[in-house]
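The structure under discussion is supplied below as structure tokens; questions concerning it will follow.
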Amino acid sequence: MDLFFFSLFAFIALICAVNVVLQKHPISSALSLVGVMGSLAVLYLLLGAEFVAMAQVIVYAGAVMVLFIFVIMLLNAGIEEHRGRSWIAKLLGFPAFVALLGLLCWFVQRFFPNTGFVKFGDFTGGGAQEIGYALFTEYLLPFEVTSVLILIAIIGAIVLARKELD
Amino acid sequence: MDPSQALEMLKNGVPTSWYLTLSALLFSIGVAGFMIRRNIITVFMCIELMLNAVNLSFIAFAHQHKQVSGHLFTFFVMVVAAAEAAVGLAIILTVFKNRSTLNIDEINTLKN
Amino acid sequence: MYKLWLIPALPFIGFLINGIIGRKLPKAVTNLVAVGSVVLAFLWVLFVGNQSNWGATPLHAHYFTWIKSGAVNVGWDYWVDKLTMIMLMVVTGIGSLIHIYATGYMEHEEGYYRFFAYLNLFMFFMLNLVLAGNYLILFVGWEGVGLCSYLLIGFYFVKKSATTAGNKAFIVNRIGDFGFSLAMFLMFTTFGSLNFAKVFAAAPGKPEGILTAIAFLMLLGATGKSAQIPLYVWLPDAMEGPTPVSALIHAATMVTAGVYMCSRSSVIFLHAPMAMEAVALVGLATAVFAATIGLTQYDIKKVFAYSTVSQLGYMFLGVGVGAFSAGVWHLMTHAFFKALLFLGAGSVIHACHGEQDMRHMGGLRKYAPKTMAVLACASLAIAGFPGTSGFFSKDAILTAAYGHAPWMFWVGVVTAGMTAFYVWRAFWMTFWGEYKGHGHPHESPWSMLGPLVVLAILSLFGGVLFNVPKILEGMFPPLHEVEGEGMLMGISIAAGLLGIALSYYMYVVNTELPAKITAALGGLYRLVYDKYRVDEAYDAAVVTPLIEGSKAVLWHGVDQGVIDGAVNGVGYQARGIGGILKLIQSGNIRSYATWIAVGAVALLLALGAGGGVK
Amino acid sequence: MNMLDLVIALPAIGFLIALLIPRAMDNFIRLFALGFSLLTFVVSLTLVMGFQQGAAGQQFVTNVVWIQNPEIHYHVGIDGLSLWLIILSTFLTPIAILLSWNAIQDRAKEYFAFLLLLEFGLVGVFAAWDLFLFYVFWEVVLVPMYFLIGIWGHDRRIYAAVKFFLYTMAGSVLMLAAIIFLYTQAGTFDYASILDQFSTGKIVLTHLQETLLFLAFFLAFAIKVPLFPLHTWLPDAHVEAPTAGSLMLASVMLKMGTYGLVRFCLPMFPTAARENAPWIVILAIIGIVYGALVAMVQPNMKKLVAYSSVSHLGFVVLGIFTFTQAGLDGAVYQMLNHGISTGALFLLVGFLYERRHSLEISSYGGVATAAPWLSILFLITTLASIGLPTLNNFVGEFLVLQGAAQANFTWAVFASLGVILSACYMLWMYQRVFFGELSEEVKHHMPELSLREWACAVPLIFMMLWMGMYSQSFIPIVSEQNAKILHQGKMSSPVRAMAAVQGVNNAR
Amino acid sequence: MEFLVITLIKLALITFIFMTTLAYLQWVERKVIAHVQVRMGPSRVGPHGLLQPLADVIKLITKEGVLPPHVNAGYYLLAPFLAVFMALISISIIPFGTGIDIPAMTFGGKTFGPYHTMMELASVNMGVLMILAVSSMGVYGIALAGWSSNNKYALLGGLRSSAQMISYELPMSLAIASPLLMAGTLQLRGIADSQAGFYLGFVPKWAIFQMPAPQIFAFIIFMISAFAETNRIPFDLPEAENELVAGFHVEYSSMTFASFFMAEYANMVTVCSVGTLLFLGGWQPLWPAALGSNFVAPAIFLGAGLICLYHGLNPARPFDRYTLPVFAVVFFGLAGLMAFPPLVPVLTPLFWFLAKVGFLLFVFIWIRATLPRFRYDQLMSFAWKFLFPAALLNLLVTGFLVALVS
């Protein structure tokens, strides 16, 4: 069952991810990304991270990506233009991608041989209670700092996007 | 490892490394997207993709070690990503307003 | 005690008054202040001389410590002995006369007050020079008179030639000062003091080499100030200044400072025979050299200027052959007649409305007989006409030269003949013949003529009145007696008379002759007429290379090229490296991403190669 | 808290208050800056009154801990060396402010504030007795000057400012490294304590270490002086700086370098200083002659004066490295002289610039006819600059050359060439600017001195005469301090040598 | 296996009932509005227009699905699907009653059961978050519809709706958080259960009344946000007819158009259910069973039957004579079912739950009939400047009070 779900959603995630990169239109990319995020949310659930899964959907899919789509719509962004160039990206882009992928996989295989297994229900520490507890004890300071960060981000976004006062 | 053994093994569940490999794949795809795409918004989305990939590995590690910290990291990453998206998109809006282009190759000077 | 400080202080006060508020003062007050201060100083000199037995017992005065640092301790000291006394009398006396003369001569000039302020300042510094009790104070005066000379030569500062001449004077003098100051440094390191008394007391015990070096350096200083070869070039140009200045500074007083210094430092010179020889040779060479140039000049002031150089050469000859007192004597008599010559020339120029070229004069005896009379006196004196002041002093020098080396005597005699010739040439050209200039020449006012008359009397009888060797007896070692003194005297008189006669023949009787001789001599004449092209040679050899070299090699080459080039080169290198690195920082985000990816790959590779993190 | 602290603090306070004054009140800012700097000057005069000649060590000491770890003290004090330099700084600042009264209209507030900050830094540099504090003040000085040149300068100001900044930084970084090395050796930044440790042999440096440290300090100071091959920032900085900037730069800032040489290089590394003296002196002499020659051909007045500074400061360095009493005294005195006379030159060039708006010599001529008093003041300053006796520079030059002659007569011979050349370039410039026909353009732009300009120039002229005629007001306390430095240098070499031997023995 | 089967059965049942409900909800809306405006409303198709929904469905299905040439076909078609999908998905996790015990049954020799199952499709630990997550996804449908239509009205509508939905999601989440604080769980069933009981024997312990922090304000905020989230009047800016023609669905027709409507009504039902669960005690009765709350349902149905019977006997329109008695019989049957003792524990909570949801839906319709539309800037400033701070304040006070009590 685990294998099935994992395979299914990993597959969806990968397809969507590739789609993000390959789609010409930003909206398509954005929707594909939503797909990736949804799939990942499911994978999170499989990994016992219920809260994060929900947060993933709410924050990422529900807010961040909506924002993206909003901006795409607002700017009426079309199919991307093929002007400009980056010879370095052209030259090294693909090799770097392959090398990075290969190396990462190699590292994963090397340091995490198949010892650990994920089985749904093995880990139940991802509920709201556990997260909340950790958040307000061990990670209180980062949490508060994050709130400041968000405040700054809000102000920054407002300042940036605000219309010039005449 | 012969197939029967592998099948036997898979009854225990999915190896954590598979999740990590998936994470690596997603991350690399994000990197590739960053390098390939020209639309600034798409590039931005590729960043989000990379962040998500990393989140996945955090969660996988959390499961592996049976610790909630990984979740929290993910949580923070999300928060930061949200903030980043807000500011980043606001910047994109401003840039577009000033230059009427979203092509990242044409946005290569700080001065306008 | 004797309030020696009052002597320089009086002109200084005059300078301050005229300098600061002179512009607002009426001319009469300016005159009063300027002339009065100098005359008062003269009177005070007389008073001091009278009180102190004319310097027979030297007077010392120490006013305050000027510079003190470790062993270096220089005070503002004055020192008055017989030599000083003579100098004081000459300076203040002639100075007074020339001040009076100047009130007439400068009457219509703009910047009248300024002129007198400078003149008073000059008096202050000159008196300081003369009164100095140590070499540094002497140097103060030395530099100070140089400054005033500069200011007065450049008095007509709108004229470029005048200011250039001023600069030339100052800078050439500086070269001399360079020698003088080095002499002082060496002196201090040798003697530990700059005080005359201490230095002269200690000198005999010091090694001859060092003394010779000091003496040579002092000679360099003296050649600068006293316009000797090789630094005489500034003096002819200095005639750009108003005529009273030429008379006072560039004939009577300042230029003789070198002679004064050498006489003052006789102790050192006497212990440095080589230097003495050099002094004599420099003097002799200058005398001949300048005299030949004087033969050919047409500008009346230039003639007298070269004559001054030549006469100063005589003085140096005297000093160099050991006849210090004769040198000083000639210094004094020269002050009389040369001041008179210049003032007379000024009067002539005044009469001819500023014309200085003798070819445009002539026949002035009808228009300015008084001037002619006084100039005749002076010309007789300089030609060594028996009984006149010049006769005695020149004779004393020539005799001493004969005693030192007979060939020097003969050269001196020839020079004396030339001197007589060119001075009288000028005289004939000016006063005889027909007037060839423009306008109506006129006689000068009495304020100008008065001093001339006094000076004429002094020129004629100064030698008899003031027998300097007698006065200075005991100050300097006596000279060897020379055999046949009478004959030598006769030869020199004959040379003088011959010169006068020749000039009469050439410029009054047979006026075509000079042109013929000129034509016959051709190139040689041109050379002499162009003052041997020494200025040009100096320009080509020193000035131009220095300026062009500084500009091209030092400034553009070393400074901007090498040093700044190196500095900017470092900058450009940095910029160049940055330029290469800039390619990475293209502003293209995708490139950045690629670099990051490559970096990540490299990092991972390194990690993997290192066995990874366990 | 004593008077010295007050002298240091006042400009800083003034700087801060000036920043708070609204921009619109620019006349008030000028008055305020002038008032504050005058107040500082008056207070600094109490230092002269209270200075005890003959007392050992530095006076007006304040020593409190500033930073705990590493221990850095606010340790200030003055001795005969720094007293006059501090007075020079406080004396010139009001003049600089008065001088800029009308010239600076743009961003007046920052300008005058920066001048006060500059004064603060300068006084601090001369008063600091803690190496780190010294370094801090050293850098503090850099900042306002950088902005003075960079903001209110002429056309190529950015280039000049950056050049100035980079040059100085290059040297001072080396100095910082040397200071830190000393700290590792001595365990303190306190200069008095370090000197003490040197003399008692607690710090033992190898020959190489001493040489390197000496060179590090020397280079920093030599750049600031500036010594011959390191001088090219100076002409550019001067030409581009506003008049007050040039004034402060030439008059006081350059003295930071020579002050550092006397204050730090000689007492701390006497052996190295003596060993390296020959080539340093040669550089100094080259600087003297070279600066003069290059000055001679400059078409720009400020550049000319700048190169003349190179030449004059060559004298100072020469004097310092003669290791004679006369040479050192002369060098220190020459610092003050140069401060006064070159300051006055820049001031007067500034007056000309304000009138004609050109620094090119060729755009002048005949000024003497239009503005006689200006030309007379300029003449006096020129004469002071070329070392006419009875004016200040002569005393310094004489002592330096005397010292050089005592050390090595050849040095004196070549250095004296500078005296000739100085007359050449100064008089030549004077002739071209002030003499000659008065052209129409110049005539219309050349009013006589105003009251404010008189007020700027007269104190300087007065000081030239005073310092030239009665140097005894100034030299004795300098002399006393220099004698100490020379004594230390002579005495400590053998002591150090012995200590070094002992150190080696102990190590065994 | 059994779980799967039962779930499938529940799924079928719920889907059927829910879809029917959605269809009839529109009829109800039209009827209610008509009555508010003193009209008859749909009354032609079937008795009292009861067959109107069916007619509508047939009409929409049979109409031509126009695919305008300028649209992005893929997204254009995806949008309504997404909208309806996201709207329907929430229903699956909403509990609407207590458990049911199904006795063992024998079919063809095989015995099934007995079973105990809950009245819900799925029980999710993170129920509330799930609801939020899914509802936040709902915006995609509208936004995409607006964008893919390539029509400026549609685009504006889409933009408006996405901005509006993001904005109002915040106060809504905050309003939801307050009852969560008191319930201490994220499970919807748990929340409803935590509201069981009565104060003083008769005041229900619903969240809006619950001590220490009655959530009446949170409820109001929630409801307001719910209006906005469902794009209902007074917040129906995305589809404002007189500004944007029809907003994001201007280009839609036929079934695609129907999908949006379905999604809207499904969303309404969902938010009303959530509101009921979170604030109104879910299936908890208004007063205790001891006071006879169990008899409310039979009594109402009985009363309804009697009224129908009365009107059937005195018909206002000719066919009432035939229809209303049938209705009366149905009502009586329902009343009997409600009163049937074995079914009482199952049906009474269900009744209460549905009654509350129905009431809230009525409020939605009521408001629609009553209030005018907001202006867009008012809408936004209302969200950010009033609703958001108020919700935050409410959350703070609640948190404070809860912490004080515990």
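In order of appearance the chains are A, B, C, D and E, and numbering begins at 1 in each one.
By our rule, a residue touches a chain if its C-beta (ideal position, glycine included) is under 8 Å from a C-beta of that chain, and two chains touch if they have at least 3 such contacts.
Here the structure is a predicted model, which is why all the values come from computation and not from measurement.
> Note down the smallest number of touching-chain steps it takes to go from subunit C to subunit E.
Minimum step count, subunit C to subunit E: 2.
> Which chains are in contact with both subunit B and subunit D?
Both subunit B and subunit D are touched by C, going by the contact rule given at the top.
> Just knock out subunit A conceptually, keep positions unchanged, and give the connected chain sets.
No subunit A: B, C, D | E.
> Specify the chain with the shortest distance from its C-alpha centroid to the centroid of every protein C-alpha atom present.
Answer by centroid distance: D.
> Ranked by contacting C-beta pairs, which pair of chains comes out on top?
Looking at every pair of chains, the most contacts join A-B.
> Among the chains, which has its CA centre at the largest distance from subunit C's?
E
> With chain centres defined as C-alpha means, what is the inter-centre distance between subunit B and subunit C in Å?
Whole-Å distance between the two chain centres: 93.
> What's the distance between the Cα centroids of subunit C and subunit D, rounded to whole Å?
Once rounded, the distance between the two centres reads 37 Å.
> List the centre-to-centre spacing of subunit D and subunit E in whole Å, with centres computed as mean CA coordinates.
Here subunit D and subunit E have centroids separated by 87 Å.
> Among the residues of subunit B, which ones contact at least 2 other chains?
31, 35-38, 104-105
> Residues of subunit E that touch two or more other chains: which are they?
none
> Spell out all pairs of chains that touch, sorted by label.
Result for touching pairs of chains: A-B, A-C, A-E, B-C, C-D.
> Could you pull out which subunit B residues touch subunit A in their complex?
9-10, 12-22, 24-33, 35-39, 41-42, 44-46, 48-49, 52, 55-56, 59-60, 62-64, 66-69, 71-72, 74-76, 78-87, 89-94, 96, 101-106
> With touch defined as at the start, can you tell me which subunit A residues reach subunit B in the complex?
Spelled out, the residues of subunit A in touch with subunit B are 2-3, 6, 10, 13-14, 17-18, 20-21, 26, 29-30, 33, 36-37, 40, 43-44, 46-49, 51-52, 55-56, 59-60, 63-64, 67-68, 71-72, 74-75, 77, 80-86, 89, 93-94, 96-97, 100-101, 104-105, 108-109, 112-120, 122-123, 125-126, 130-131, 134-135, 138-139, 142, 146, 149-150, 152-154, 156-158, 160-161.
> Taking the complex as given, what residues does subunit D use to touch subunit C?
So the residues of subunit D touching subunit C come out as 163, 166-167, 229, 231-233, 235, 290, 293-294, 296-298, 324-326, 329-330, 366, 368-369, 383, 388-390, 395, 398-399, 401-402, 404-406, 409, 412-413, 416-417, 419-420, 423-424, 427-428, 431, 434-438, 469-472, 475-476, 479, 483.
> Write out the stretch or stretches of subunit E touching subunit A in their complex.
Spelled out, the residues of subunit E in touch with subunit A are 72, 75, 125-126, 129-130, 132-134, 136-137, 139-140, 143-144, 146-147, 155, 158-159, 162-163, 165-166, 169, 186.
> In their complex, what parts of subunit C are in touch with subunit D?
For this pair, the touching residues of subunit C are 64-72, 136, 139-140, 143-144, 147, 150, 154, 157-158, 160, 163-164, 166-167, 170-171, 174-175, 177-178, 181-182, 185-186, 188-189, 546-547, 549-551, 554-555, 558-560, 563-564, 567, 571.
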